[in-house]
Structures are given as C-alpha cells and as structure tokens.
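In the part that follows, the structures are each spelled out as structure tokens.
The two complexes that follow have subunit A in common; it is paired with subunit B in the first and with subunit C in the second.
What follows is the complex of A and B.
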C-alpha cells in the first residue's frame, strides 16, 4: 500500500472529522460570533437530547436493526413524567420516566423477538407502528395539549438543574452525557455482552451457531434504546420546561443521521459509540453554523438530506472495498 | 406432511393468506349494525376518492418490493411534484408542466435505482434520505406555505365527474390497477421482477438482466409517485410540502397488510389494493362511529404492528420448517 492510498483510506475513515474541521473554519471566518463562549455553550446545550437518543440508536444499528419508536417513547415519557411530578414528587417521577422508557424498549424487543423479525426492514415497520401507538397514547394523555412546568405546584429543582444548571463551567446535562458515554463505551467494547451484540449484528446465523446469546442481545439493544430515549426526553423537557405530546418528532431521523455520519455501518456489526459522538457533533454544528450564516431551515433540510444520502453511499462504498 | 392436511387447516390457511380481503369483509359486515351513513353512495365514493392517491403510489412501491427493494422517497416526491407542477404552470401550458413533473419523478427514480441497485446500498434507508431531501426542496420551493393554483382546468383533472358521480381520480386509479396487474402477470418484465425478488443471484445466473429490471421498478415507482402528487394537488387545488409526511411508511404498511412480502418475490397489484383499502376503510369506519383522532392513531398503530408481526411470524415458521 503506498502513501497516497493510505492517506485516502484514513480520510475516508474519518471523513466526519474532516467535515467538522472544514465547517468550523468556514463559519469562524464568515461569522466571528461563532467562536464566542456564549455560542460554544449554546452548542453544548443543543448537543443534549439528540446525543442521548443517538447513543441508544448506535447499539440498535450495531446490532443490525433500527428503531423508529424513539419518537413515541420520547413523547410519552415526556408527558407522563411531567404530570407525575405533582403526584409523586420529582425524584420518583424522574426514575419512573427512565424505567418507563426502558420498559417500552423492552416491549419492542420482546415483540420483535417473538415475531422472529430478522431484518432491518421488518424492525423498521414494527417500531414505526409502535411509535404511532406510543405517540397516540401521549396525545390521548394530554388531550393534545402542552403541559407547562410552571403550572406545577411541587418544587422541580432536579429538573431545573438538568435543564440549566452548571457544574463549574460545564452544564449538568453534558456531565450526564459524559457518564452515559463512558458507561456505554465500556459496556460495548469491554464486556462479553457488548461483544455479543456486535457479533449478532455482523452475522446472526454464525453468532447463533457459535453459542452467542443472539436473542438476549436483540432485547437488550432495544431496551437500551428506549432507556436512552427516555433520558433524552427528560433532558429536552427540562430545558424547554414544557411537555409537548409530540416532543420526539424528528429525533429518529436525526439520530440515525448522526450514527451513520459517525461511521457506524447500517449493515450492523461495526462501529462504536465514540464515532456517534462525532456524528452528533457534526449534526449540531451544522445546524448551529447554518443558523449563524442565516440559512433558512428549509435549506437546512435539503442539506441534511443530501449529507445523509452521501454519507450512506460513501459508507457503503467503503465497506465494499474493505470486503474485497 | 402436506397430505394429511384437513379441510379446516386449509380454510384457516386461506384466511391468513387473504387476510386483507377478510378484513374488508368483516368491516363491511360490522358497519351494517351501527346507524351511520356508511352505506350511502356518497360515502362509498368518498372512500375510493380518498384512497386513490395512496393506491397509485402503492402500485409503484409494490413493484419495488416485489423486486426485493423498497421505495420510501415517495412521500417527498408527492409533495414536490404537486408544488412543482403548480409553479411551472405559470411558465408553460399545463400539459407540459405535468409532463415535467413526471419527468422529475423519473429522474429521482433513476437516482434511487443507481444508489440501490447499481451501488448496492440499503434501499429503505437511502430512499428515506432521498425523501428527506425532496421534502427539503419542496419546502424551499413553496416557502413552507401551501400554494394554490389559479387554473380552473387543473382542478378538473382529478375532480371532474364521470356519469356525474365517479370522480376521474378513481377512474385513473382503477386503470392503473388493471395496468399494474397486467404488467406483473402477463409481461416478461413482470415475471422477471418476481424472479429477482425471489432470489437475486439465481435470477442473474438464469440470464435475466437483473440490474436494469430492478432499476426500472424504481423509475416506475418514481413516476407513479409524481403522478399521484399531481393528482393530489389537483384534487385539493393546492400543493403543500406537508402532504407526503406520513405517506411512505403508511403505503408500505398497507402493501404488506395486503400480503406483499418484504422478503420480495411475493405479491400482486390486487393484494396491495386490498391492503391499502383496509387501512382506509378502517379510518372511515372509525370516523363514522365518531372515534377521536388520537384514538384512531393508536388503533392504526396496533393494526400495523399486528399485521406486520403476523407476516414476520409466518416467515419465521417457514424458515424453521426448512
């Protein structure tokens, strides 16, 4: 292998980093406000909800499946948690919300396992249907209205801290994110179960024949995805201080976009959570930079769509060349 | 094992296979009891009118699914083509504008085909991305506002009545249903689609030009989605970037409900027709009885999950039996 192909390979492998660097340089030159500490702090906050959802989605995609139900899970967790605060107090509500997310994810996983859904497409449609169901439950729960946290009578210091508190100069939600990141990264790369998830994603049949707990991995990845979606929902409504029954809308595609941009393969079996962080960073930075450069949201949708298509295409080309 | 199958098992098997038709019949029978206007000719024509656009999209998607792919970019295509045609009518005669709209559909189909067939990417995720892109383009074109059309002839394309009762939209749908059925059953192209969906490699080894045939299914799907978008814009007299939001997944679910298998190689135009009809009839019945919109969403979700789950489960049993 000569020097040229080596550099090309490294560039393709870390294409997302190249994108990020270019984006930062261009925006910093065009718009000096970009490099102010206020804006950087803003980016860290926008980083919040999506990063959690994307971390969960990473596990599902590495496991060879896909999860569209995060939309419904986020919406339902949001409205139920906020209305529980007055009934049970904030700490119990927080825990109940997280447990509920995990339970909904668990249910998805068990459903897929019982149905023997062995392809991404089947998982896509079943989780889409479940998302409709969860989302409708959220809408029925609030009768379509939005709950404001200022209406509540009990104190909500915990949520206020998650939403806008700082530890030193770093926001609390970012600290929570770092903890989740470290735990999930260790889980995926250093435990037997993490290895099992990757093997099951790479080749299910081979995994099953060599005694890897394929079925347990399937249930586990969906549970993790539900759990992380719930945490994402809590971070989101703590920041906006209102519970919208359609809170999760758009998060599923953005999460998939972030995971794929990071370089985790949609074919399953390959990738890690650190790459996803880069993907989320690119998605957030892109939105922030385009906002600063006063590009309308409509053009932003076009940008996002074309980058998603390009990323999947390049990822695919990369994998095919690697396989030869 | 097959020889000792009793008549009862055979009937159950037939019901499971034709579950969409059975569901339609059950709904029709159930609706006799409550006192509603369900059985008025106005309502029945209305059911067909509201299903026509989804059906037309569904025929194209059916082709792609039978050939082992799937096209989820149809939602964006529906939004885009309606807006595009209404915009273009300011600059050229209506017929050319409509042809341009369908040409764009064909081009998107070619791109989808290039990415999925030629470059071998996962069809459903890449077409989802293309759909997002198309929605973005239609947002830019329309500035996120619904745009209406000033030309009175354009409205007549969908809303004109045959024999003073049946809208043209329904007629187009029935013609396309017959055409899709004919293409799938009686042409070489149709049979090749089944072969490719059944086993891509075997089809390639038996001398079928797999790439161009599968590519063609995406082009047809793009054109039909564009046509459906134009007809939808005509029947509403408005083009909106939000028309297509829930279309792609809903259409796919309806098609699978009808008995078209996601593994490819199984299905047909009539199966898709009945599958989509079930979903529409269900929502019409729920409207008639007076069930709220949110509960309808929930019931629709449950129906989709239940039916696709059954499809998966049957597939699993088949795999285990081998």
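What follows is the complex of A and C.
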C-alpha cells in the first residue's frame, strides 16, 4: 500500500471528522453567533436525546439489523413515565420507564427471532410495524393530548436535575451519557457477548455453526436499543417538561444517520460506539449550523437526505474494496 | 462417413475454458447427431455444466469452435441461443412462479402471439402436442416438478428448438413421471429433435440414450454408442484417474465405537443410522444432493431433525443447536467456506477463536492477550500463511482460509471433527497439509467424518466408507480392498 492510498483510506475512515471541521470553520466565519457559549450550550443539549438513541442503534446495526421502533418506544415511554410520576412517585416512574423501554425492545427481539427474521430488510418492516403499535398506544393513552409536567402535583426534582441540572459545569444528562458510553463501549469491545454480537453481524451463519450465541445476541441488541431509546426519551421530556405522545418522531432516521455517518457499516459486524458519537456530533452540528445560517427546514431535509444517501453509498463502496 | 455429415446438429470442437486455477474444459470435442439422444455422464466437476453454460451463452469459451445447425456460433447470449433453436432445461427451472403456464411459455412474446388469448391458445396446442393436460391458465407455483418440466419442454418447443439439453431431468421425478418423460423424449426424437441428456443415473442413460459421452476433469474420455459400452466400463472411465503420491499414508488408529447415530429422518433423509469409531476416518460418498451434507448438519444440530438419537461414548446426548454439538466435542468445517465458515472481513484472529471464545474469557471479559495466544498457536500449528493475525481473512488464499476454520475447531480439541468438502477449491499443496492435519487428529484419538465429492480423496484417506444415495445409506465399504468402481456403483444407485 503506497502513501497516497493510505492517506485516502484514513480520510475515508474518518470522513466524519473532516466534515465536522469544515462545518465548524465555515459556520464560525459566516455566523459569529456560532461560537457563543449560549449556542454551544444549545448544541450540547440537542446532542442529548439523540446520542442515547444512536448508541443503542449502533448495537443493532453492528449486529446486522436495524431498529425503527425507537420512535414508538420513545413516545410510549414518555407518556407512561410522566403519567406515573403522580401515581408512584418520581423514582419508581423513572425506573419503570427505563424497564419498559428494555421490555419493548426485548419483545421486538423475540418477535424477530420467532418470525425467523434473518435479514435487515425483514427487521426493517417488523420494527416499523412495532413502532406504529407502540406509537398508537401512546396516542391512545393520552387521547392524543400532550401532558405538561407543570400539571403534576408530585415533586419532579429528579427529572428537573436530568433536564437542566449541572454537576460542576457539566450537565447531568451529559454525565449520564458519558457513563452509558463507557459501559457500552467496554461491553462491545471487550466482552464475550460483545464479540458474539460483532460475529453475528459479520456472518450469522458462520457464527451459529461455530456455536456463537447469535440468537441471544439478536434479542440483546434490540433490548439495548429499547433501553437506550427509553433513556433518550426521559432526557428529552425532562428538558422540555412535557410528554408529547409523538415525542420520538424523527429520532430513528437521525440515529441511523448518526451511526452510518460515524462509519459503522450497515452490513453489520464493523463499527463501534465511539464512532457513533462523532456521527451524532455531526448530525447535531449540521442542524445547528443550518439553523444559524437560516436555512429553512425543507432545505435542511434535502441536505440531510443527501448526506444519508451519500453515507450509505460510501459504506457500500468501502465494503466492496474490503470484500474483494 | 461423408454422407453422415449433414446429420450433425451440434459440433463442438476443441473447446477450451479455464477459471482461475482450474482448467474446466480441456479441448473438448463432441458431435451430436440430428434426432439422437446423447447422454453425457461424469462426476461432479467433470465439466458438464461448464460445457452447457458455454453452449447457452452464459460463459464464453477461450478457444475452439462450436457449429450449431451448420452455423458457427460465437459470443452469443442466452436469448440468441434460444432463438437459434438451442434450449436448456436446468435442474432448477427457469420459470416465473407467480405467472400462469401460458404466460411462462411465451414470456415476453405476448405481442407476437396476438395478446393473451392467442398466448393461451398456442400454449395449449404445444402442451397438447406433448400429450400434457396442464391448464395454461394455472399458476406455475401450483405445478408439480414434473409438470414444470413439461412447461419447460413446451417452452423449448415454442422456439422450434432443434436441440434440447436436459440437465439432470430425472432428479426429482417419481418412477411414473420418469416413464412419461421417457416417452416424451422418444416422441421428440421421432420429430427429429436432438436431446442432450445429462444425468448421474446410469440406468437412465442406458434406457434412453443412443450415444454416451463420458467426461472427467474437463476432458472427454470417450464417446460411444450405448450398445457398445457396459455399465462397469462407463464407471471405470468416469472415476479412473491415476492416483499418485497425493496422499499421506492412511492412518490406522481405529478403536472402539465413540458415536452411534440412530435413525435420522428428515424430508430428505431416510433412516440414517451408522456408527463412528475412535480414531477412525469415516468417508461419506455420494453425489451432490444425495444427502451427505444434510446428514452431518442434522447430527451437528444445524438443521432441524427429529426422532433421531446420537449416542456419544455410550450416553445419549441431545443436540438441538451447533452450540450443543460444540459442548459435546463435535466440530464442523462446513461445505461453503465463505458463506458458512468465515467472517470474511474479520481478522484471522477472530476467525480462529470463534469456536473457543469462552477460553480466553474471564467473568464475561475477553482477555486480549490470551485470545492472541490462541490465534498465534493455531497459526503456527497449522502453518497458516498470513502477514499477521490481524489481517482480514478474506485476503488469504483458499487453503489458508480453510486452515483457519480447521484451526478454530482444533482449538477445542474435538472428539469428532466433521469435514464437509475440506479441500474444495484449494491447491494441491494445501490439500496435502489438510490430509496431514486429519491424520494428526485421528492419531491423537479424535475421529473424523469426511464428506468429499472427490472420490480418490475419500478412498485414500478413509478407514471406512458409507455410500449415500437419495438420502439413504446404500453401502459400507473398506476402501482398502474395494475398487472405486464398486463404490461409485452404489453411490450412483
């Protein structure tokens, strides 16, 4: 391998970093407001919910699948948790919300396993269907209305801390994120089960024939995705202090976009959660920069769509080079 | 002979085709007479399919000439060959399941048939001509295998085919259906249509064909009228390659029975029971599709089978999934290295430690240096040629890839190692190394079940051979005092 291809490979490998740098430089020059502490704070906050969902999604995608149900899970967790606060108290409600997310993910996983869904495409449709079900349950639960936390009688100190509290100069939700990141990164890169997930994503059949627990891995990745979606939902409503029954809308595509931009292959097997953090950063920065540059939502969507298609195209190309 | 010349419908002369590392057709010459049924026989890999694919335009030949119906054919596409009057009916049919019989026969030619009404009318006529009563409006998905075959034949006739090639046409027909096919072939022959009949089943060749060509390793060994050749001669020509020093000395370590398999029954397998001895290399011989792979997959828990018993060291064990088999000390090197064996874009290390992941694991965490050690040990052990254990396994040669999978299983010190086509597509040197590894396994008290389509390999390595035909065990042989010929005879059934 000569120097040129090596540099090209590294650039392709960390394309997302290149993008981030370009984006920051361009926006900072064009719009001085970008570098203000208020805006940076804003970015960090937007970074919050998506980063959790994307971490979970990373596992699903590395495992060779995809999860569109995070939308429904987030919505349902949001309305149920907020409603529970007055009934059970805030701590129990918090735990119940997280457990519920994991349980819905577990159910997805078992459903896929029972249905013999062995491809990403099948998982795409099944989780899409599940998302509709979970989302509909959320709408039915609140009769379509939004619950405001200010209506509640019980104190919400825990959620207030998650939503807007700080530890020193770092927000609580960012600390939670760092903890999740470290735990999940260690899990994926250093444990037996993490390796099993990667092998299952790389070649399910070979994994199974070598006695690697591929079925367990399948259920686990969906459970993790549900769990992380629930945490994302909690961080989201704690900040906005309202429970919208369509709270999760758009998070699935942003999460997939973040994972793929980070460089985790949609084909499964290859990638890690640290890369996803870069992906989330890019997605969030992009939205922020486009806002600042007063690009309208419609054009933002054009931009996002193009980036997603390009990222998948690059992913395919890389794979071909590695595979032949 | 001069006056016979116009009667040749297809003349293949010195056709040569190679794939990376293999000569698939080595200057093959065959002449097919007009209105004759010409059988082509040969072992798997003899070059029959390659030849058919060149005729139909799927592959292109590297040299040689093909003259069909007095026209030289060169660089044709499958559609062009159809329009010239050369049809091929493959084993897996070329039909659109979700369309009707009539639509399939005239696929893409509805306009020429004056719309759907004309299509169905003409299709009906064609089917009637071959005395078939299939309704042309029926969906192809609802047809039986034999009926689908009729539709394919009708389709071939709709192109006014002068030559129809049938690839293993009888493989899933019942006796009655075969009889009908036989009648039909005679009927076609009377109309002056030539048939190339490719089959493993020698009885059919004798029943049906006028002339037979025997192929082996990409060469035409002989072409003779069937009345001038005996069955045993034919088998002799099919298998008779010279065996030199390609194999190590056969190990003799056979001891007591270690595993007993009782009555495996699946859709494809019928009452499979056998035993395996300690230190034994047991060869399973049969044609592709005979059920060899299904037998080992059922034992290994890779395919669902019910009601069978596996008794290991005198104790019945239940294997529901491959992980159970692994726990019991059984390893499987699967048939398709790339699809079932390797995680291609993963490093050599991961591919080696896949089956023994628990070994370097403490409290759920993988100890990186212990994992590396395992990989290094097997790389050294098996002499795997790789730049490093971090290299992607896809970049290794076939032989070294295969050694990675073998090493993966040696790491768990298996009591029983199942090798399904262990030397497919790897070069002679690597083959020899695989044989030596097999020898080492049995010398250390392990047992091996080996499946191979290369008869000489099985015969030279095994202590005992079972022949499998149509999902049944049809014979048991000691390869040391049995001829290849006798064994092949049982495997062909």
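Structure notes:
In this section, the second predicted complex is superposed on the first by the 324 of 324 C-alpha atoms of A that agree within 3 Å, B and C clash if a C-alpha of one lies under 4 Å from a C-alpha of the other, contacts with A are read in each partner's own complex, and residues count from 1 in each chain.
Criterion: a residue touches a chain if its C-beta (ideal position, glycine included) is under 8 Å from a C-beta of that chain, and two chains touch if they have at least 3 such contacts.
Bear in mind the structure is a predicted one, so any value in this text is a computation, not a measurement.
Once the two complexes are laid over each other on the shared chain, residue contacts for A:4 go to neither subunit B nor subunit C. Comparing subunit B with subunit C, the partner in contact with more residues of subunit A is B. Touch criterion met: A:209 reaches subunit C, while subunit B stays clear of it.
Using the contact criterion defined above for the overlaid structures, shared-chain residue A:269 touches subunit C, although it does not reach subunit B.
Of the two partner chains, subunit B is the only one that A:111 touches; subunit C does not reach it. In the superposed model, A:168 lies in contact with neither subunit B nor subunit C. By the document's definition of touching, of the two partners only subunit B reaches A:129; subunit C does not.
Against subunit A, in their complex, subunit C makes its touches with residues 300, 302, 321-323, 325-327, 332, 334, 339-346, 350, 354-355, 357-358, 361, 364-366, 368, 392, 394, 408. Only residues 66, 111, 114-122, 124-126, 128-137, 139-140, 143-144, 253, 256, 260, 266-267, 296-306, 308-309, 312-313, 316-317, 320 of subunit A touch subunit B when the two sit together in their complex.
Residues of subunit B touching subunit A in their complex: 70, 115, 119-122, 124-126, 128-137, 139-140, 143-144, 249, 252-253, 256, 262-263, 292, 294-298, 300-305, 308-309, 311-313, 315-316, 319. By the touch criterion stated above, subunit A contacts subunit C in their complex at residues 190-193, 195-196, 198-199, 202-203, 205-213, 269-270, 319, 322-323.
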